[in-house]
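Which chain is which? They are A, B, C, D, E and F, in the order written, and residues in each are numbered from 1.
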Amino acid sequence: MKFKQLKDPLLYDGSQIEPMWAFKNFNIKGSSLITWIGPMNIHKDEIIDYEDVSLEIKADEMLHFIIEHYDCQPADLRLCYHRQRIFVTIIKDILDLFGLDIQRNGDDLFFNEGKLSVSIATCSASSMKIHFGVNIKTEGTPAEVQTAGLMDAIEGIDHDMILEIAQKVCKAYKNELISIEEDIYKTRVF
Amino acid sequence: MKFKQLKDPLLYDGSQIEPMWAFKNFNIKGSSLITWIGPMNIHKDEIIDYEDVSLEIKADEMLHFIIEHYDCQPADLRLCYHRQRIFVTIIKDILDLFGLDIQRNGDDLFFNEGKLSVSIATCSASSMKIHFGVNIKTEGTPAEVQTAGLMDAIEGIDHDMILEIAQKVCKAYKNELISIEEDIYKTRVF
Amino acid sequence: MKFKQLKDPLLYDGSQIEPMWAFKNFNIKGSSLITWIGPMNIHKDEIIDYEDVSLEIKADEMLHFIIEHYDCQPADLRLCYHRQRIFVTIIKDILDLFGLDIQRNGDDLFFNEGKLSVSIATCSASSMKIHFGVNIKTEGTPAEVQTAGLMDAIEGIDHDMILEIAQKVCKAYKNELISIEEDIYKTRVF
Amino acid sequence: MKFKQLKDPLLYDGSQIEPMWAFKNFNIKGSSLITWIGPMNIHKDEIIDYEDVSLEIKADEMLHFIIEHYDCQPADLRLCYHRQRIFVTIIKDILDLFGLDIQRNGDDLFFNEGKLSVSIATCSASSMKIHFGVNIKTEGTPAEVQTAGLMDAIEGIDHDMILEIAQKVCKAYKNELISIEEDIYKTRVF
Amino acid sequence: MKFKQLKDPLLYDGSQIEPMWAFKNFNIKGSSLITWIGPMNIHKDEIIDYEDVSLEIKADEMLHFIIEHYDCQPADLRLCYHRQRIFVTIIKDILDLFGLDIQRNGDDLFFNEGKLSVSIATCSASSMKIHFGVNIKTEGTPAEVQTAGLMDAIEGIDHDMILEIAQKVCKAYKNELISIEEDIYKTRVF
Amino acid sequence: MKFKQLKDPLLYDGSQIEPMWAFKNFNIKGSSLITWIGPMNIHKDEIIDYEDVSLEIKADEMLHFIIEHYDCQPADLRLCYHRQRIFVTIIKDILDLFGLDIQRNGDDLFFNEGKLSVSIATCSASSMKIHFGVNIKTEGTPAEVQTAGLMDAIEGIDHDMILEIAQKVCKAYKNELISIEEDIYKTRVF
C-alpha cells in the first residue's frame, strides 16, 4: 500500500473519490493512501452519498485522506465500509493521544458535540475507495451544522503537526490491514 | 442478529468456535452474539490459531463473546477479521468510558502492559465466527505471559457490571454493523 | 425488506429499474419491494434487455413490481435472475388460486397463449434489481404480440383486488427469501 | 448438466449428498442430475439438517433426485437454496399437470395436508448439492408425521410413469438454468 | 463458448472491448471468441489502459481476437487477466510451431525484439472481456515503438494461413478452459 | 510471496498439499512457494485427484513445487487452476531454453511422449494450493505409464542446475502474478 503526502493545497471537489484518481494524477499503481491539506467544496455531480444531494458539503481547510484498495476482486462495498470504520477508529485513537475526548458515531467523529469529519466510501467493479476529511478550522463549514476543527481541539497545533498526525494514521491503518492478512495466514478453517 | 447472555458459567474449551454452535446448543438460528462468564482451557484439538499450538490458553474467569455471521455467502475470512477488529475497538471504547487507558494492538487489548484478552476468528463455507475473551481475573492465566484482568483495572467491578458491559458491547457491535449496511444503501457506485 | 404500495398511477418508463430508485424517490433505505398500477412505455435509453432494443415495450395499464436487493455484496446478476424466477413462480401460484391456468416459460407468464407479463433483472456493483409487470388490460400493448390481461383472465377483478394480489405476492416473496436464509442457518456444510 | 437415471433401487442413506458422489460412483464429471427409485433411511452421521438430528428420516419407496452444481466458484449455499426452490416449483408444476393440487411451503410439497417430500441443500468449497425425495408410498415414513405419496395422489401411477415424471422434471430444471444464463447474456448492467 | 471468424476487415477502434459487443453486433449470446483481420486505431474515449492515454495505438493490419466470458458472476478482473495470460501463452506456443522464437513478457509477445502484439482485459459487473491483437505488418504502427509483424516472422504467410492460426488458437483456448473446468470436477477440497 | 528451497530431500507423500503446510512446518506466513528435490509416493488418504484413487503415484526423484495463495478470499478453485496452468507454461518455457521440445497438455508436460510431470490444485475456504512435480529420473515411476525425466532430457544436468531451474521458475511465476496485479491497477472497467 503506497503512501503519498501532497505538499500543495488541493481542493477536494469530489473528483478524487473516482476510481484510479491516484494513478491518473500521480502515476501511483495499486492500493494507495494519499493525504493532503486543503479546502472542500463538493461538486453536485460528484456526490456519492445520496443523502447529501441537497446539502452543501464544504470547509475552508481540512486534512484529507483518499484510500484506494485493489486487493479484493471484484470490489466489495461492504468490505470497504468495514475498512472505513477501522480507519475512523484509528484516527480517533491517534487524536485521543493528544488528550482529546473524541466521540465516534459510525463514520463520523465529534469533538465537543461539533462534527469534526466527513467520510464516504464507494467502489467500482475493480477498486474500493474511501474519502475521510477532518476539519482543521470550522471556517467555511455549513452554517446549519455544528462543527469542530482540529485547531479548536488541540491548542497550538500547526500544519506540520497535522501532517505528522496524518502520517501516523496512514502508517497505523496500513499496519492494521497487514495484521489482518497475517491473522488469515495462521487460522485453521472448517 | 440475535443476542443471548448465558446465566451459568461455561468452560470455553474451543468447541464454541465451531460453526453452528449456537444453533446446536441453544436453537438460535442465524447470526448471533452469545456472551457469558466462565473459565477457559482450550483443548488441543480445538485450537484455531496455529501459532498457539504449543501454548497453554487458559484463564480461571473470563468474559466470553461468541459471534456468528451468516450474511456473507460464501463466508469470507478476511471480512470476518475486519469485523473482529471493529469488535475489539468497540470493547476498547466502552472500557475507556470507565476511565481506563486500554491499548489495542491488532486483536489484543492491553491494560498496564498486561494482556487483557484473547481472540480468534475463523469460518466454514457458510458462516463466520469470532471468539473474544476478556480476563476478569489474572488467576489461571499462563505464567509466561504478563496478563491483566478487569478486576485489576476497574475497582469495585462485579459480575453484574461485567454483564452490563457485555450487553453494551453487543448492542454497539450490532448497531455498528447495521450502520454499515445503511451506508451501503445510500452510496452511489461507479 | 421494505414494502410500499404507491397509491397514484406512475408511468413505468424504465427509469425505475435504475439502482437506488426507491431511495432517491421515496427515501427507502435498503432492500425493498415497491408496487403500483400504471401504464408502461419504456424509453429507448432505459432498455436493459438488448433483445428488446428495437421493440415497443408498452401497455396502458399494468401492475408493476420493482424489487431491489442489497444483501449480496458485490451484487450477483446470476443470483438476481434466480430470484426473478422464484418471484415469477410465486405470482403464478397466487394467480392460480383464482382458478386460472397460467403457464410460465422462464420469466414470462401466459394466459390462454397471451403474454401476460414483462420482466427484467439487472444489477450495479452494489444492488440487484428486478422489474415485473403484469398486464391488467391488453389495451396499449404492442400489436405484433398476442397479449393477455388480468381483467380478461379474472372476471370482475378490480383495482382493489389487484392491489390485494400485489400485497400477497410481495409478502410471499419476502417470506420465501426469509425461509431460504433460515435454511442456510441449519445446514451442515462440507 | 449431465442426466442419469439409475435402473436399480438404491437406498438413500445420506451419503449421496456428499460432494462428488456422482463422480466417485458413476464417473460423471461436472454438474449432474441423478434420479432413481429407492427407500430412504438416513444415517445419523449423514444428517445435513441440524433440525433433523433427533428425527427418523425414512421411507420405503421414494423418487430421489441428487443434483450437483460446479458452475459457481467458490460454491454459494445461498444460490444453492435458490436453485432448490426453483427445483421444487418445477416438480410441483409438473405434478399439477396430473390434476393434483400440490401445495408448496419453502422446500416442502404437500398433498392433502400430507408431507410428500424431503429436501436438503449443502455445499463444499467447490460444489453445491441438492437432494430431493418424493414419497411414492407412505409406507415406512415416520409415524409422527402425516405423509402422502405419489401412489395415493395419482391413481394408477406406476414406476414407468414415475420415471417419466422424473425425466420431465430434470429436463425442465436443466432448461430453466440454461434460460437464466441466457438472460444474463442479454442484460445491460449499471 | 461460441467462435466466429469475421470475413470482412473491421477497424479495431476500441469499441469492440465494450461488454456485449458480440451480442449487439452479431447476436451472439454468451461467452464468445470473435476473430478477424483489420487495422487498429483506438479512439481516445475507448482507451482502457490508462498508461496508454497519451499514446497512439494503431496498426494497418492486425489479427484481432475479442473474447467475452460470462461464466463467473460477478465478473472478476483478476480471473480475466489470468485468462489473458493463458491466451497469450497459447498463441505463443502455436506460433512457435512455425519455428519462430517468440518471447513473452506479461501480455506482450516479441519477435526479434519487436513488439508483435497489443492486449488489454477489462470487465463490467457481468462479463469479462479480452482484446488481443497481433501485428500482421509493421506498417502503420507507432514510430516510437520497435514493432514486428507475422509477415516478417513467417516467410510466405498469407491471410488464409493467418486465419487458420487464429482458428487453432481459439480452439486451443476453448479446450484449455474446458480442461480447467474438468479438473475442478475431480478435485477433493479441504 | 515467500520463496524457500529445502536443502534436504523430502518425500512428497501428499500431506504437503494440505492447507498451511508451509506455516506448520517452516513457520512461513502467507503466500509461498516451496521447492525441493525428493521422491514421491502419495498416501491413499492424501489423494486429491479422484481419478487417481486406484493408481500408484510415485517416483524415485522429482523436483517438487508447493504453492499456497491467500490473496483471494474466499479461496477460488477455478482461479487456482488458472494459476496452475500459468505455472506449467512458465516451467515449460524455462525448460525450452535448454533447447528441449516440451509439450504441454493441460497441466501435464511431456518430453518425447513421456510424461514428465504430475500436478494437482486444491483449496480450503481460505487458501489455494498447487503441487507440481517434475521427474528427474524415470526410476520408480509407475510401470504402466511412459515417463520421462529431466536427466534424460537435458544431458549433463545435475542437482545444482535443477535447483537453479527451480529458482528461475519460482521467480518468473512470482513476477507473472505481480504483473497481473499491476495490469489491474491501470485498467478502466465498465
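Note that in this section a contact is a pair of C-beta atoms (placed from the backbone, for glycine too) under 8 Å apart; a residue touches a chain by one contact, two chains touch by 3 or more.
For clarity, every value in this text was computed on a predicted model and none was experimentally measured.
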Go through the assembly and pull out the chains touching chain A as well as chain C. B, E
Taking each chain's centre as the mean of its CA atoms, which one is most distant from chain C? F
When A-E is set beside A-B, which has more C-beta pairs in contact? A-B
Hey, how far is the Cα centre of chain D from the one of chain E, in Å? 43
Measuring centre to centre with CA averages, how many angstrom lie between chain E and chain F? 27
Chain centres from averaged Cα atoms put chain A and chain D apart, in whole Å, by 51
Express in whole angstrom the distance between the two chain centres, defined as the mean CA positions of chain B and chain D. 40
Which chain D residues reach two or more other chains? 19-20, 23, 50, 72-74, 76-79, 123-126, 181, 184, 186-190
Which two-chain combinations touch? A-B, A-C, A-E, A-F, B-C, B-D, B-F, C-D, C-E, D-E, D-F, E-F
Interfacial residue positions of chain F with respect to chain A in the complex: 19-20, 23, 29-30, 70-73, 124-126, 181-182, 184-190
Would you mind writing out the residues of chain C in touch with chain D in their complex? 18-19, 47-51, 72, 76-79, 81-86, 89, 93, 104, 106-107, 120-124, 176, 179-181, 183-184, 186-190
Residues of chain B touching chain F in the complex: 50, 74-79, 123-125
For a test of understanding, state which residues of chain C touch chain A in their complex under the given definition. 20, 23-24, 73-74, 125-126
